[in-house]
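Taking it in order: structure first as C-alpha cells, then the write-up.
Chain IDs A, B and C follow the sequence of writing; residue 1 opens each chain.
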C-alpha cells in the first residue's frame, strides 16, 4: 500500500487518527531508502553530525553547508531544506533567507526548527521572519511554542496557531502533537533517553524534512517522521545501557526500521 | 550526608585529603540530577557535542551558543559558565568577554579551559585577559600550565600559581592535581583511553562548571568532578573494546554513577 | 621489515601491485603509534570530531584550529596538514592559504579533500587554487574527480590527471583507486556502512596525511592508509548492528589493527 492509498482510505481530515500510520510510515521509509532523498540542513553546530547521521541511517543523502555564497546551489539541488536556528553566527544568519528563497523558488518543502527562541530575543525575531516564508512544518517544544504563539501549548492553541500560520505545527515532548488547523494527532512513542542526547530533536526534524520531500502533506510527513523516530527510540532503549549507547543504537534501529516494528509498537491517535 | 556536612566533618584546609570525597561527589551528582543545573559552554567546535552529552548524561542542562548578541541572555540564565579557548573564531572572541561579564554580574561561577595556549601566542594572550576576570576554576594540562605559569607543573608551582590567581587550579593528566593555594589533592582515577577520545578533557571541565554551580568552593567542585569523571572512565574501560566504544560507555557510566562505585574505586588523597 | 625495505624489494613503479602492502601498512601504523605523529586538519564542521577521533584511534595527535591568526603556528608544528573544503566560512577561506604556505615552507606534506566541488562553483574555484600549491595527495570521489578533471573517472583519466597535477590522486568508492601517473593500485577492502556514516571519507583522508608525514611517497601513503581504513571497516562491520554501532566499532578496529588482520583481509592489487 502506498502512502497515498493509505491516506485515501481515510481522507476526512477530522478522522486522521484512523489513518494507517504504520503503513504510511513504512512506505515513506522505503521510498526514502530507494530514492536517496536529499536534505540540506542549515543547522546548529552541535546538531550537524547527528543530523547527517540520522538522514544517512534513514536512507537519505544529507548536505550541511552554511556558507551564504553556496547556499543557493545546495538548497536548489536538495529535495527539502531544514532551517534550525540553534547557532546564529553571521554565516547562518546570511544563509537562512537565501536558503528559504531557493527552496520556495524550486517548490521544495522547508521545515523550521526555532531552537531556544524562548531564551533569546534575536532568535524570536528571526524565527518570526522565517515563519513569514511559510514553512511546510514548524517543529518546536513547549517553551518555544509558548514564546512564538504567545500562549501555552494545548490542543486548541496548537491548532489555532497552525491555522494562523497556514502550516503544520509539530510539538515534541513526552507525547508529540501534530496539528495543521484541521487535523490533530498525538504520538505516544519515544523514550526518556532521547532527552539525554544532545540534538535528538534537531536531528528528528531532519526526518520530517526528508518525508516532506516525498509526501507534500506536511501533516502526514511530520506525524510519520515522529512516529518513526519514536519507535526507533523504543527499540534502541531496549539495547542501551544509558545515553551514550542509546545514540548509536537509535541510528541502528532507524536504519533497520520496518513495517512490523512500526505496527507492533505504534501508539498514535 | 550532604556535601556541606561531609566537608564540615573535616574542615581544616590542610587536611582536605581526609574529606569523604566519594560521599561529596555522589551528593553533587544527586543534586545535579535533581536540579537539572544549567551550564552554558562557550567551547570549541570539536568539543560541543561531547560537552553537551556529558552534561546531559550527568543530569544537567547544557546550552552552547557562541553568538555575541545572544551570549548575555544565555550566560545569564545559566547556573554556571564554561569558557574553552579551543576554537577562536570571531564570534567566540567577541562572545567570551560578554559571557564572563554576565556570569560575574549574576554572581555565577565560571570555569576556564585554556586549550592549546602553549601552541599559539594569541591564545596565551587571551587566556591571560580571561584570568584577569578570576574564574572559579582554571583547568589545564601540563603544557598549558607551563605556558601560563612560566614554570613546569609541580605540587608547589601549582599551589603558588593558584594562590597568585586567587582561584582553584586543576591540572589533568594520568594523575589529576587540584590546588587552591592552601589545599591540594591528587586523583589517581582515570584510564589511558580518555586521551584517545577528542575533547574528553574539555567535556570533563563542563562537569567542574556544573558542580561549581552547586558547590561554590571551587576546590571541592573541581576535585569532585574529576573524581566522577575518572571513576566513570574506569567503569567504561571495562566495557570498551577501544576508543570508539569507550566514548559511549563513558557517558553510560557517568549517567549511572553512584556512591557505591565511587566508594569502591576512588583513589584520591 | 620497514616500509622502506618492503618497497625496496619491489621498486619498479609499474609493479607496485607486488608491494607487500600489508607489511608496509602495519609498519606505518606502528610508527604512527610510536611517534604520535601530529596532523593538523582544517576540515569541515561535520568532520572535525570523527577526524580527530580517527587520528587518535590510529595513534596520532590531531589539532583542528581554523582561526587565520593561529593557523601558521598550528600548521608549522604539525607533521602534516589536511585541507578539506567541506565548510567554507570566512575563517577557513582565510586560513587555508596560510596553512598550505606554512606546510610548504616547512617541507611538510599536505593533503587536499575537495568535498562537494561538484555542487558549488566557488568550491571548484578554490580547489583549483589549492591544487596550484601541489598537495602530496588529492583524495576525492567520482563526482568530485569529474568536476576537477573535466572527464569521468577511469584508470587512464586518473593516471593522466595525477601526472598533470604532479601528485598522487586517490579516488575512493566501493573500490579505491590510487594513481600517481606511473603507478596504479586498486583496493577492494571496505564496507557499504562507511557510506552511511557522515564524514567517513573526510576522516579517512586524515590518515593519508598522517602516513604522508612518515612516508613521503604519497602513492604509498595513500594506498596504505586506504587499505588500513578498508580493513578496519570490514572488521567493524562484523561487530556492528547498523551505521550507529559501526562508527565506534570502526575506531576500535583501527585502534587495534595489526599485521595479521591486514594480511588476512587485504585485497589490493
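In the analysis below, a residue touches a chain if its C-beta (ideal position, glycine included) is under 8 Å from a C-beta of that chain, and two chains touch if they have at least 3 such contacts.
Computed from a prediction, not measured in an experiment: that's the story for all the values here.
Undergrad: Can you tell me, using the touch rule above, whether these chains form a line, ring, star, complete graph or other shape?
TA: It is complete, because no pair of chains fails to touch.
Undergrad: Specify the angle of rotation obtained when superposing subunit A on subunit B by their C-alpha atoms, rounded to a multiple of 5 degrees.
TA: When the C-alpha atoms are superposed, subunit A turns by 120 degrees onto subunit B.
Undergrad: Looking at subunit B with subunit C, do both copies bring the same residues to the contact (over half shared) or different ones?
TA: Mostly different residues: under half of the interface numbers shared.
Undergrad: Using the average of all C-alpha atoms in each chain as its centre, how far is it in Å between subunit B and subunit C?
TA: 35
Undergrad: Which residues of subunit C are in contact with two or more other chains?
TA: 45, 49, 90, 247-248
Undergrad: Residues of subunit A touching subunit B in their complex?
TA: Within the complex, subunit A touches subunit B at residues 44-46, 49-50, 86-90, 116, 119-123, 195-199, 240-245, 247-248.
Undergrad: Quick check: in the complex, which residue numbers of subunit C touch subunit B?
TA: 45, 48-49, 52-53, 56-57, 62-67, 69-70, 73-74, 77, 90-91, 239, 247-253, 255-256
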